[in-house]
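Letters A, B, C and D name the chains as they come in the text, with residue numbers starting at 1 for each one.
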Amino acid sequence: MSSQSYSKSELMICVAARLFQDGTTAFIGTGIPMLAAMLAMKTHAPNLVPVFEFGGTGAILEKLPRAVGEARTFHKAIIASGICDTMETAQRGFIDYGFLGGAQIDCYGNLNSTTIGDHDHPKARLPGSGGGNDVGSLCWRTVAIMQHDKRRFVPNVDFITTPGYLSGVGARERAGLPRGSGPVNVVSTLALMDYDSASFRMRLVATHPGVTVDDVIANTGFELIIPDRVGTNEPPSAAELRLLREEIDPERLYI
Amino acid sequence: MSSQSYSKSELMICVAARLFQDGTTAFIGTGIPMLAAMLAMKTHAPNLVPVFEFGGTGAILEKLPRAVGEARTFHKAIIASGICDTMETAQRGFIDYGFLGGAQIDCYGNLNSTTIGDHDHPKARLPGSGGGNDVGSLCWRTVAIMQHDKRRFVPNVDFITTPGYLSGVGARERAGLPRGSGPVNVVSTLALMDYDSASFRMRLVATHPGVTVDDVIANTGFELIIPDRVGTNEPPSAAELRLLREEIDPERLYI
Amino acid sequence: MEILAQGKGELIQPPDLEAFREWNRTQKSRKLIDKLMTEQEAVSRFVYDGCYIGTELYGTVRCPMSLTREVIRQHKKDLRVCGQGVAELDLWLAAGLVKKLDITYIGLEVYGTSYALRRAVESGQVETCVEWSNGAISWRMKAAAMGVPFIPVRSMLGSDTFNYSAAKVVNDPFTGLPVCLLPALILDVGLIHVHRADRFGNAQIEGITGFAFEMARASKRLIISAEEIVPTEEIRKYPDRTIIPYYLVDAVVHAPFGSHPGEMAYLYERDDAVYREWIEASKTPAGAQAYLDKYVYGVKNHHEYLELIGAERLKQLVEQRERRET
Amino acid sequence: MEILAQGKGELIQPPDLEAFREWNRTQKSRKLIDKLMTEQEAVSRFVYDGCYIGTELYGTVRCPMSLTREVIRQHKKDLRVCGQGVAELDLWLAAGLVKKLDITYIGLEVYGTSYALRRAVESGQVETCVEWSNGAISWRMKAAAMGVPFIPVRSMLGSDTFNYSAAKVVNDPFTGLPVCLLPALILDVGLIHVHRADRFGNAQIEGITGFAFEMARASKRLIISAEEIVPTEEIRKYPDRTIIPYYLVDAVVHAPFGSHPGEMAYLYERDDAVYREWIEASKTPAGAQAYLDKYVYGVKNHHEYLELIGAERLKQLVEQRERRET
């Protein structure tokens, strides 16, 4: 615990970082996941193996990568290959975690980063899947990082760019997606969520400091499962903040 | 022309070497094809590109390779990759020639290097396809190097290890093999053969010096097409013999 | 092995393997021919209106930017484009050259959604967006590189990305598992920027290789731009470093800082000032046009472009680079 | 996409992709663990009776011969084996360890047909020979390495090699072309010999790579033998040279001259005297047994084997090697 002030993104980075287990592999995208991975490696998960989509695996992240595929993503790596090799490594079941983002998410963790409105005549054309669909299909466990409001937490996403649990229990397997894979957490600007093991629907785990359960419900466009006990996420510790500000992102590119 | 004496294999190597066109790519296996390719490169086909199954392409063959995949097969090569890359290069239509051998050949150029007798209870178990089936399937033009006798030139091969024209005109395409590919020549211990463009059946082109058309017919187990004009293969020239004996195979591993 | 489902997206570039084989047989010389030429010549000879074209890169890294700008300078139009694009497809979209897209990701990474993409698609200027994942588009090129009509994958399944793609789902006849079949993608033109190449087109890359191996083998016409042109002896000394053999290549362009404003592993850093300048400018059509006038139309070639950026700036980018050691 | 034809051969090792994923999730550590051990320990821990095993090599080049001999020394039996084999499968066949074969080529190259293969198959000691081409067996491993159930190819079609394989023919749903589908080959055990590896298993190869990339990724258990054990820093300095990342590897064995009597690119030449000695010996069961007694059973390990060959002889093989330069 610390009484220091911190930014929303610093808190999200810390909450995300704490989700990594040591000695696992994780697909790392640009932004918060990169900072979270570096923070985890400098704290409880020194043996985390970062995998970057376009070919870098096992890099030693001395400096924060600023772009996917840049030299820091394979700095002193154990292998620098290409996108087919990393995606096939995930397809073979070697990638434990993947991080995802999007403009919309539904209660089953399906994500939209393609279009708002009708696909062929969109209100807004978003970037598209990128590696998202592959990560959401092939990694064992995925974590979504989201802004938390009703426009983003919606009953039905306009477009399923990246599969979560699709229509619910058994739907991924029926579609042919790898058995036992799927979303496990959502780190939002308001709270930490997971998924109910019986219904595969999103469930509140813990709110951020100063956020009430009602705040979360009010900003969620679908019925979020609220368990009897809802925790509060630890704010960034002094040590976490020091690492983030002095070692990981001294230029304050993201925090 | 030369009056020098020469061995059967020296003659076969020369006849095979003369088939290469300059500026083409060719899959080269161990033995006679390697010597033929080196001879061609030192005479009329300096821009022949040797491709070795397990990954060497465009090597400068200063010394005769003694085994498939050994360092001489990618000595000063333009790329040293792996078998999938070379086979896929052939599958994409980049390999012009391939050389093949076998224990049996039929009038359509189908080759057997798998079993004599029934496959499951063979009289003789031979090595198997190796790269032969791939070369015979994927290269544009294949040349077979054969001992010429009735046990080897048979009406029906016991086992089609490597496809020639299969059952005749159109059969390769019907099977799904690449359009326009197939056998073009056979270099035997007695003669040079090609294939009749109408029937895709084997046809005599030219006999070796001292060999009569009747010798060839008597040693062929199927009806060989005999055109009105049958040529005689030029014996090895003094230059060809000098190259073979002094530059290509001075240790006389093959000749 | 019946078709269980298929995407409703247009197969923008249907694969024809026999035609590809015939092309590779008749149009790609096996001889070592000097293919070194200017970007003007390379683009005018091998890029044409309506062609299906792709650029190989990741994010802003190792982009063939000098070729990308030359394509705009020569007003090539009605391009059918695949990919994954940050800086380079953004410029083509802003310049109005793109008619159809096999899209995986076009955006500005941490800087968010692409303004040029939004304008081009929401206005209907881009007629079609067929959806794929980054893995899928790379695997489609891999299928073409293998010379086969399709490749099965376990990605894309169950999503709208699949529904708006041109992929199909079948039951695997060996395990019964539903698998997604991706059609081979044979490009009319591929643009790849590398660390070094010889004048015949033998090319080598330092660090990760993205999908250069696959795209080079999937392209009917291939333009290589290289930071450095090396003697063939250098290539032949380390043939195990060659990613692209010469016979795949139609043109070799010497392009130092060819990825600018993007970066090149071990050679130079990204030029964030110029990159951010584009991001700001691209927010409005007028701004984007002004940027194109300044950095593309306003210079005759890559040499003049580098003069515009300035030797001092380029020197800084080199100094800021990541090194193999340290 | 109906099945037009299928080979009558047994699918000796049916692929189970979900089980493979689960294996890779639970049995393959992501941590950097010291896996350096003797060939005795590696073979006794990871090779077992009845396992489906493969060796990576081409001809007599870069064969994992020290591991091959250790498998015989430990009397592993009922092996189900794939490949492409010259020296190493010949020894296993002569030693009577092989029960089933996914065969592509087993022979003595220019020295002709394998006597050991003839005896083992014609006597019925080898129960099954399922036929494939060299390309096909490599592509089957490639499919497993990709994590997909099969791979389509244009080889094998129309032949008895197909008829006695376990492949299938379907019409490609995109082009209508008949294509051959090869089932993924997931090996229980893979044996690969490399130029250098670190103690965690990160491995690099000089020159051509054969099918090492594919087999390493297709194997549930992977034993690497290496001419040289290098510090991890060496690997991390050139990650673009790594073919096999550590997390695929279960055991690392230091085996100088590990390919003897075969050759190793840039390091040492083939020992034709010993190779020819085998070819002569293998003509009769008694001769083969005598060779095995001398070179396999008669020595406790690879170290003793090298003493038997003699330092002088090995020095000559090093001197005779091909070099990158000259």
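Note that in this section a residue touches a chain if its C-beta (ideal position, glycine included) is under 8 Å from a C-beta of that chain, and two chains touch if they have at least 3 such contacts.
This is a predicted model, so every value here is computed, not measured.
Taken together, chain A and chain B share the touching chains C, D. Of all chains, the one whose CA centroid is most distant from that of chain B is A.
The pair with more inter-chain C-beta contacts, choosing from A-D and B-D, is B-D. With centres defined as mean CA coordinates, chain C is found 40 Å away from chain B. For this pair, chain A with chain C, the centres built from the Cα atoms lie 28 Å apart. Counting only residues that touch two or more partner chains, chain A has 56, 74, 80-81, 84, 91, 138, 178.
In chain C, the residues touching two or more other chains are 17-18, 146-148, 153-154, 177, 179, 207-209, 237, 239-240. An unclassified topology is adopted by the chain contact network, corresponding to no line, ring, star or complete arrangement.
Pairs of chains in mutual contact: A-C, A-D, B-C, B-D, C-D. Residues 57-62, 84, 103-107, 109-110, 113-114, 117-118, 121-122, 124, 129, 131-136, 138-139, 142, 153-161, 164, 169, 177-180, 207-214, 263, 265-266, 270, 321-322 of chain D touch chain B in their complex. Interface residues of chain D facing chain C in the complex, by the touch rule stated above, are 1-3, 11, 14-18, 146-154, 168, 170, 172-175, 177, 179, 181, 183-184, 205-209, 237-240, 324-325. Within the complex, the chain B residues that touch chain C are 23-25, 47, 49, 56-58, 60, 74, 76-81, 84, 88-94, 96, 138, 140, 178-180. Residues of chain D touching chain A in their complex: 17-18, 20-25, 28-32, 145-148, 202, 217, 232, 235-237, 239-240, 242, 245-247.
If you check the complex, the residues on chain B that touch chain D are 30-31, 52-56, 63, 66-75, 80-84, 87, 91, 114, 119, 121-134, 137-138, 159-163, 166, 171-172, 174-178, 253-254.
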